[in-house]
């Protein structure tokens, strides 16, 4: 049994005195797409933030067998974890191209970086059109694509996505998720996806975990979770 | 002097605590009155200056501590107060005791007027604008056009008044007692102001300006008022200071004075009345101590003191005392309960 | 007409110096949202180091670059050891720390080098160049050096990956961490660069106003005015603002308020800009959410 790509054991975290996560545990295999589902305030975003050390976690986080829970964000990035945060985190005053270049900041292989530009523009031709434009003037959907692209420029092994569908038209979301599926299948990028849009997430993912008030309450394959009655009632609406 | 800031209620009232405070106050007042008869004339003069600074610092605290408007230019109001006293006494023969309220009134108006454009400035920008005011003041005072009144670079010399009614007091002693009386008056007025509606409005504006105005507080009026009142206090202090030092000249009021006043309230303790007194002691005596520590670069020591305070005692001396007092009481009551 | 041109061009020369210091102020503000009140004293102190080196026999340009290195390290140290640990304090406490720095630098400079006014050499040849009489060789040289420094900086930020990372760290530290930028180092670098620019400004202005511990106080005020006029978050604006303020200072000083009240011009400019158009000519309007 190979080491899971990501192992999270008994994760506790919060903001100041407010504790949000009360012992989250889950794991991910290399090459899989895993989704964390849950209502607002359940602790999904907090989980991603704790993984990237944007807030300090208690508990164990292992990436490819190594413990990373006491490392700084900048070092975790260098291990190959790309994070597309809630709200996209676009560098709004910089150009599209500069945003992408920053995504590859920690990489040393210059030639490959230039090639990656072409690859990314291949996935997202609209970004190519707007490469010199100030990123803050892009539409919501374009900024989301830019945020994902920026993380992809890292050539990450693991991509963390925080509610990529937020505020986007369904058509664009579908487009985006297709690209995510392609990236996962063609390039082997593992994906950890947080979504409120449970239906779309379960469509894309292999594994799913349901989080409620800071704890994992249900886990299984995406198909199992999708067919769970409670989930269908509360999160899928049918 | 009450150490209670208007918004924070004391956690363990009880008659004994208040009585302790009043007793301490009475003792302090008696000691203060006895002082000029116990120490040399020079020391009395130094303590007069402590009182003068205390008034100025209370004024600045009303603006910066309680109302959150940073001023790096209060030296300008101090200078105006000083020059008003000097000009009235020297050019117009106005008796010294009358110059003090006149200086205060004038500075009240000037401060209020300056407060109007300052309404639109916050934080660093207000600090910068007031800093510019503080730097420019000496230049204005040296201006040739005003020389006839201000005495230009030479300044004005004034005479220290003798004790009235033939009292057997040296001028230094009399001036100290006169200043003490005014200090007590200003502090009582200030204490009432801060405890009352005005004080609460000022603090509300400092902490939550938008919520305050949503509650119906006219923030603009109070903020300009705070500027005016604080300038008045500082102007009164300036006039008393001029009389004590017997001399005003543009270079007495350089930016260092404004800087000294601001550091005084931060070191003494923001938004506290005793803090004004602690801060006054600091700015009067620490430069001397710093001088003793290092004859070569006393201000460097002063600067190190400042930065050190910001790291170790950001709540100022008053804050440290209150913290220590609270801890002591906590420990005592825990002991009593634990048995 | 001659006098007017003289004032105008002289204003451009001093304007270049204001532009440099204003740029340093904007850089630190962009990265930390702080106004570095101690910028002037840091520059003054660095200039004294240059003076000491030159006095010890070091050739001018060697001393020049050594001083820049010194200033860079000084700025780095202040950010890394002092400012970094103060992040959670209030605006007022930060202002006090800046005041502490001002006082320390001023006093140590006075202590080590005394308060007597000193001559500071100019590296540019004597004798008016190009047959014109409006700009002394030093003034011309100062403008030249300023332009070189500004151009190098612009190129650094525009074309290098480190420059891009610094811009990113200043604008959005959270996202910067997510792409692996070590934000704390970027802040320290920013301070170092700003201090270095200040040192260049100090070395260019010292031959004109003579070296003494209070040399930079007025200049700092003008630089603030320039930074505000240009827009506190616009480096280009700071440069334009600097030249503008230099010219205004000279023209208003010569024809309107008289030389003594020149500093008053800075006061009026600062207050005026803050009241009328706080975002300056090129800055963006900041919207604070309730």
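Read from first to last, the chains carry the letters A, B and C; within each, the first residue is number 1.
Heads up, the rule we're going with is that a residue touches a chain if its C-beta (ideal position, glycine included) is under 8 Å from a C-beta of that chain, and two chains touch if they have at least 3 such contacts.
What you are looking at is a predicted structure, and each value in this text was computed from that prediction instead of being measured.
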Per-chain CA centroid nearest to the all-protein CA mean: C
Chain separated most widely from chain B, comparing mean CA positions: A
Distance between chain centroids, defined by C-alpha means - chain B, chain C (Å): 33
Inter-centroid spacing, chain C versus chain A (mean Cα positions, whole Å): 43
Gap in Å, rounded to a whole number, between the CA centres of chain B and chain A: 56
Complex contacts: residues of chain A adjacent to chain C: 52, 54, 72-74, 77-78, 82-83, 85, 89-94, 98, 101-103, 105-106, 150, 154
Complex contact set, residues of chain B against chain C: 64, 70, 72, 117, 120-121, 123-125, 127-129, 131-133, 135-136, 139-140, 142-144, 210, 255, 259, 262-263, 266, 270, 296-300, 302-307, 309-311, 314
Contact set on chain C toward chain B in their complex: 34-35, 37, 82, 85-86, 89, 91-93, 95-97, 99-104, 106-108, 110-111, 217-218, 221, 224, 228, 258, 260-261, 263-264, 266-267, 270-271, 274-275, 278, 290
In the complex with chain A, residue positions of chain C that touch it: 161, 164-165, 167-168, 171-172, 174-183
